[in-house]
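Can you read through this structure? Questions will come right after.
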Amino acid sequence: MDKSEDLMVIIRHAPHNSNWLREGLDAALVAAAFGQSVRLLFMGQGALALCKEQQAGAPGQKATLPTIDMLEMYEIDQLNVPDQTLEELNIPLASLVNGVTPLSESQVKALFSQPRLIFNF
Amino acid sequence: MILHILTTAPLSDAARQAEQAINPGDALLLIEEAVSAALQPDLDCWKQTDYPVFLLEEDLVARGFANAASHHRLATVDIEGFVQLTEQYEQSITWY
Amino acid sequence: MDYGLLVMGAPYSQPAPHSALRFAHAILARGHQLAGVFFYHDGVHNASSLMTPPQDELNIREAWKALHEQHGVPLDVCIAAALRRGVVSESEAARHGYTAFNLEAPFELTGLGQLLTLQQRCQRLITFAN
Amino acid sequence: MDKSEDLMVIIRHAPHNSNWLREGLDAALVAAAFGQSVRLLFMGQGALALCKEQQAGAPGQKATLPTIDMLEMYEIDQLNVPDQTLEELNIPLASLVNGVTPLSESQVKALFSQPRLIFNF
Amino acid sequence: MILHILTTAPLSDAARQAEQAINPGDALLLIEEAVSAALQPDLDCWKQTDYPVFLLEEDLVARGFANAASHHRLATVDIEGFVQLTEQYEQSITWY
Amino acid sequence: MDYGLLVMGAPYSQPAPHSALRFAHAILARGHQLAGVFFYHDGVHNASSLMTPPQDELNIREAWKALHEQHGVPLDVCIAAALRRGVVSESEAARHGYTAFNLEAPFELTGLGQLLTLQQRCQRLITFAN
């Protein structure tokens, strides 16, 4: 948590429910492609985007996992989820993809006390 | 007898409104975002016995909750079962 | 049985039309009739002929159109909801002096009364909305 | 509560937040114009549509009150709000337009036990 | 120092997420649907003293809650005040 | 100060663009500059030239256009979000073999990178979304 990234993108929407998740991840990927360092914070329903068992949805609803897997290629390796979110959704960390770091309440607040750009999706 | 179709997360406004409307003998079907209820076996809807509650299988699978649902022994229907529920219940209301 | 569907979500942005399409195929597969689909609220965007998803993705307008072609399902779109959201037929375009339009057959602009008619013709009206 | 109307329209969305309120009321008005008897149930945020002090909103957001006032002309005189909604939103009945009938929990449930068409907006 | 702009009702997911993010010294501005908080003087956000909370006047008036806000002595800003808040706080986050 | 706005809601369906428009006029009234408006997610519908609200209602596309004409504010629309939702410029229409299009100047289709550029050029980026 020492290094402060240029940009934090907050993802709060679940897969298959809207385009928020996809369009939020797109913003993170484009910023990374522009050379910015990016941290992703998955809050609330957004944490469901990290469930490793998810698949494609109804006709026309693509899977999100391939995009999550692409993050590493773009050197986006800070994937955070508040402890509170894991608790509220009752999802064990083990059901999420690898490389997710859970954060305490004060660690989440600390992320918001550093001056940098934040996009909230 | 009404089939209540809920499309939003368990603690949403729509979920609470559906609860105000549902009568014994009705049924509740959870689809789309609502299937995240599969992760929470302690929710009131799983504990009451006034009406049956079903999760839509295809939406569970898409979101990666199918194993959680079967682990908690929650009732599921597939899309054909959804149609069968609408055959069985004369009316339906979608809560969103 | 005769079914009608009321679709009130925009494709890609909301899951409602995707669920509705899957449900439509399931009722037909069980031998029921689909008497019509009525698009209201943001659901009117399903009819847009300019909708251009990436090539590897399903075009949901084409999927509705196929349902019409294969099963004769009427696809009615609420005119008031559509105009407000920029979904316009050729005749409405002419009426408003536009050179372009983005709704064409088999989608039809119609009044809300059509929804009531559909409901009266069906034993079941199922709503898909978000 | 003895007479069962042909149609019940449920309004659950507040003014100025979406087109749900307006398009829900339109459905009620069209049904009434087609000769159906209509009951309106305002749940949750939808009850805010009845606040008598409301006005027009930001540019492009029209007031709802003129439409509410039109309901009577269409012989839609059953306007219900659950007690629970009034309590949760902390709005006194006196702050709503005239002619609103609050309903107990069991009265609300009873509305859903009569076979008739229901539109939920 | 962040100006948090909330556009949804007090008990919504977005409201709870904003609460997780807000630090002492930040500010919270309630606009659009969020101004229904004016009806509920018992909400946590009105009782804490870590950060100032403002209601957007124009949205209060449109919804008919202006009298409730002034009755409960809640702080309001008009749209010009909203701009001033964005001048004062270097960053803003919109929660929706 | 230089401001940028990110608008992610559809007109009439969501309050975000209405709030954004009011905010835009307020920053100009206080003597600030508006360096640009970026439309993303359902906000792309603000650009639709087929949007036809009832005659007694404000046309929000025209209101954005007036902001451009009076204050030179660039109106950028995310191309990926727009195409998926059926908002298409003349050149994109040609590329996809459409005869109609519904986005024209002063609105411009552009990549998401433009949002990052806008943010770097501004001291304040304010988001309006629902």
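For clarity, chains are labelled A, B, C, D, E and F in written order, and residue numbers in each chain start from 1.
Note that in this section contacts are C-beta pairs under 8 Å (C-beta built on N, C-alpha and C of every residue); 3 or more make two chains touch, one makes a residue touch a chain.
Remember, it's a predicted structure, so these values are computed and weren't measured experimentally.
Of all chains, the one whose Cα centroid sits at the greatest distance from that of chain B is F.
A centroid comparison over C-alpha atoms places C as the chain most distant from chain E. Rounded to whole angstrom units, the spacing between the C-alpha centres of chain C and chain D is 27.
Put simply, the C-alpha centre of chain E and that of chain F have 25 angstrom between them. Here the CA centre of chain A is 34 Å from the CA centre of chain C. Shown for chain D are the residues in touch with two or more other chains, namely 16-17, 19, 45, 57-58, 61, 117, 120.
Among the residues of chain E, those in touch with two or more other chains are 9, 13, 32-33, 58-59, 90, 93-94, 96. Contact with two or more other chains is made by residues 12-13, 15, 19, 22, 41, 53, 84, 125, 127, 129-130 of chain C.
Those residues of chain C that touch chain A in the complex are listed here as 11-15, 17-19, 21-22, 53, 57-58, 60, 63, 130.
Contact residues on chain F toward chain A in their complex (touch as defined above): 40-41, 80-81, 84, 111-113, 115-116, 119, 125, 127, 129. Chain B contributes residues 9, 32-33, 36, 39-40, 42, 58-59, 61-68 to its touches with chain A in the complex.
Remark: chain C residues 10, 12-13, 41-42, 45, 48-54, 83-88, 92-93, 96, 98-102 touch chain F in the complex. Taken in their complex, chain A has these residues touching chain B: 14-17, 45, 48, 51-58, 61, 63, 89-91, 95.
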